[in-house]
Amino acid sequence: MTTGGDVPTMATVTIWNEYRHEREDEAVTAVYPDGIHETLADALADDHDVTTATFDEPEHGLTADVLERTDVLLWWGHEAHDEVSESVVDRVHQRVLEGMGLIVLHSGHYAKVFKRLMGTTCSLQYREDGATERLWVVDPGHPIADGLEESIELPRTEMYGEPFDVPEPDRLVFVSWFEGGEVFRSGCCYRRGSGRIFYFRPGHETYPIYEHDAVRRVVRNAVEWARPTDGAPRTFGERE
Amino acid sequence: MTTGGDVPTMATVTIWNEYRHEREDEAVTAVYPDGIHETLADALADDHDVTTATFDEPEHGLTADVLERTDVLLWWGHEAHDEVSESVVDRVHQRVLEGMGLIVLHSGHYAKVFKRLMGTTCSLQYREDGATERLWVVDPGHPIADGLEESIELPRTEMYGEPFDVPEPDRLVFVSWFEGGEVFRSGCCYRRGSGRIFYFRPGHETYPIYEHDAVRRVVRNAVEWARPTDGAPRTFGERE
Amino acid sequence: MTTGGDVPTMATVTIWNEYRHEREDEAVTAVYPDGIHETLADALADDHDVTTATFDEPEHGLTADVLERTDVLLWWGHEAHDEVSESVVDRVHQRVLEGMGLIVLHSGHYAKVFKRLMGTTCSLQYREDGATERLWVVDPGHPIADGLEESIELPRTEMYGEPFDVPEPDRLVFVSWFEGGEVFRSGCCYRRGSGRIFYFRPGHETYPIYEHDAVRRVVRNAVEWARPTDGAPRTFGERE
Amino acid sequence: MTTGGDVPTMATVTIWNEYRHEREDEAVTAVYPDGIHETLADALADDHDVTTATFDEPEHGLTADVLERTDVLLWWGHEAHDEVSESVVDRVHQRVLEGMGLIVLHSGHYAKVFKRLMGTTCSLQYREDGATERLWVVDPGHPIADGLEESIELPRTEMYGEPFDVPEPDRLVFVSWFEGGEVFRSGCCYRRGSGRIFYFRPGHETYPIYEHDAVRRVVRNAVEWARPTDGAPRTFGERE
């Protein structure tokens, strides 16, 4: 936490991307030629110390060293969830409990580490129809909503519908309206251990969602919100 | 609370209705000829000990005796919120803290007693356009959702939109989708003191919402959920 | 959920106990000669359909059939947490998400299934000093506190101290005071999927805690609270 | 919210004190010769733009102008709660909903504005016995706990005991242990509208609690935590 008058250091952000669709599917390559991670990095580069990591790197690019210096980790994955190494998941999980922020994007609801942190299936309903989504700010006092209008409109996207099998969020920031008749809790805040977790629904790979100004603003806000604070000791075990 | 094997007594339910629109406006009379309270009473009569009370009765029909024997109070009001007596509001407020359940319906979001229990303005957005609402069950494990389908569709109603200026609910059971593009947290659970409070959005006076089977089921479920339990002593003050 | 006038059926309760200390350690045998599960069964037998299951039975006594007909599962474990079969944990986990209640007792905070449901380490501080604990009811309106006094005093027990690495409870019912100077959130309610989960601290194996009337009352109350309700469909996957 | 690289401006803090005990009771004068507000101002002066306001000033020193420029308001009151002007309470309430932070100290649990924001009686148990209190950090990841040890010990204070008739806190940061056998939820976070509210128990007028380093650190941390963020529009009313 910064106290008045101090200059806060920039958050160190690691953007993790599965990075498969962009190399396998021309429609996705057209939207994210350098990968979703690079588009997200571009949204954060001005105010953050950003690095990226992808599935195919050794240890998925998430070595102990990388995680140790990461303040906030972004996670985008889809088709390779089950292939993510258990030991990397263990490591990310432990770092979140120690205080590292975690922002889980779109299809990342099925990421191993998100399911582990939630304790539920994280299942939902979906339909790939390219219809309109409108994300309503239901908690206008939340810092993740800083600088937004009352809603964000995404002209074409995939639909996610309720029920969403997650624990009741600590704070619900966004609820999505979908043209086809569904709703979804699309911005959910949690804390587990000392770590702040934000699930943010937008980001389908075949639409340029991460080029959208308001979406980029949410990602930046969420990174600031999720930064670790000093806290008090987490001491466990036998006591004299 | 009943323990297995006991026969639970029927809940004593008092349905409070402002009962003005139905006598002043022909369109409303056509929908609720005997008043909204009688339509609600009909939904509950089979399994509950139901009485009604209306604004024009002495003390609005909510005497100390009536409240003392009420397990769950339903509240429908709209145009006369500001005319409701402070002393009656005090009494209802106190009874809720002692354990009486309170179910606040539709425009009751602006009832004095609801605002007092919430501590916020309870403001929202609205549009009287007679368009479709679909209430999604976002918490399918909640007893207020017992026996429902995954959503409830109301073909014509008034729209309520976010932001809804209430504290974050303890449990959010329903989120509404509106044809015109809005969403609303339309089923919100709270506890204050020993009392359970449920805000349920449906119920505009010019549409026969309370004739709808699933809406009636929700009202019945909410009454059962809101019934007082024995609890432990609430003892305050100086301690030896 | 029962509606007024119906006779609720008795809850089917399965009490799972590791059942090792009682057979290995004379001090424990003296307190629980038939095992902790039998003492707990005795507390529930009058009003519930009770069966027991222990670690050494095939599939730890928790076959698919047993779990299918269990409304509420009690869990007491300590030294063999790590030996509990992953497939049994998977099965219990899934049944909780489907609605089965789960009551986790004392050292069960480290049970695999509890850690999996919480998503955290569930670590805490402890001291085996046989000093006094007083559990204060901090939520006197909660049904788990039905019929209690303002606090429960246990003259001799093991101490558990904060921090307790669990998610913020949905409802906190008890906070313990310990003679040695510590506090602990000793009655914590959660929901995951459709299942209700209650963590209750008392129950060290070397003290006759489960013979204590108020503790037995809490266990009975918790079983009633944790019973499954019908709910609404939990349908996931692709949507037309 | 500050984004990385920006210099955050100092929070503007207004410390409100009833300021009666200090002028009427020699024992209190001895502890707080210039008033509790000056001792608190001293704790905040280095990093904040601090002003004070007291009961006897016109409009209790809380004019619309003062509140307009206040980021965070501290509130200490005790014997004159009922004499606080309703119009000032209205104004403070509205400013909290708009985003002003509010830190309510010790006997301020009975302040009109706190009761209005909570919607409950805010009653508790108490005993003036000058015994020891130990505040345990139960949420070591919370920014209000930044830089603390695992507990704060106050050698002599007044006891506050449960039940504390407030809504379940959004986050519970501290739980107090008292030498005499009681516990208390002594650090409670809430949001109402856009405003952050922190109730912090320590601060009895006859003990030099606000000279205690860790207590002063909590007050500073709470001020930073409670600062307004920009948020999104809170627009209510009829919608096109």
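Labels A, B, C and D are assigned to the chains in the order they are written; within every chain, residues are numbered from 1.
Keep this in mind: a contact is a pair of C-beta atoms (placed from the backbone, for glycine too) under 8 Å apart; a residue touches a chain by one contact, two chains touch by 3 or more.
What you are looking at is a predicted structure, and each value in this text was computed from that prediction instead of being measured.
> Counting residue numbers used by both copies over all numbers at the interface, does the chain A-chain C contact come out same (over half shared) or different (under half)?
Same residues, largely: of all residue numbers at this interface, over half are found in both copies.
> Compared with chain D, which chain's mean CA position is the farthest off?
It is C.
> What's the distance between the Cα centroids of chain B and chain C, rounded to whole Å?
Chain centroid spacing, chain B to chain C, equals 34 Å.
> At least two other chains touched by the same residue of chain C: list those residues.
137, 140, 150, 161, 163, 168, 170-171, 182, 191, 193, 234-235
> Across the complex, what residues on chain D touch chain A?
Its residues touching chain A are 1-11, 47-48, 99, 137, 140-143, 145-150, 170-171, 191, 193-195, 220-221, 224-225, 229-235.
> Can you tell me which positions in chain B touch chain D when the two form their complex?
Within the complex, chain B contacts chain D at residues 97, 116-121, 123-127, 159, 161, 163, 165, 167-168, 170, 182, 190-193, 234-240.
> Using the touch definition up top, name the residues of chain D that touch chain C in the complex.
134, 136-140, 150, 161-164, 168, 171-172, 175-178, 181-183, 185
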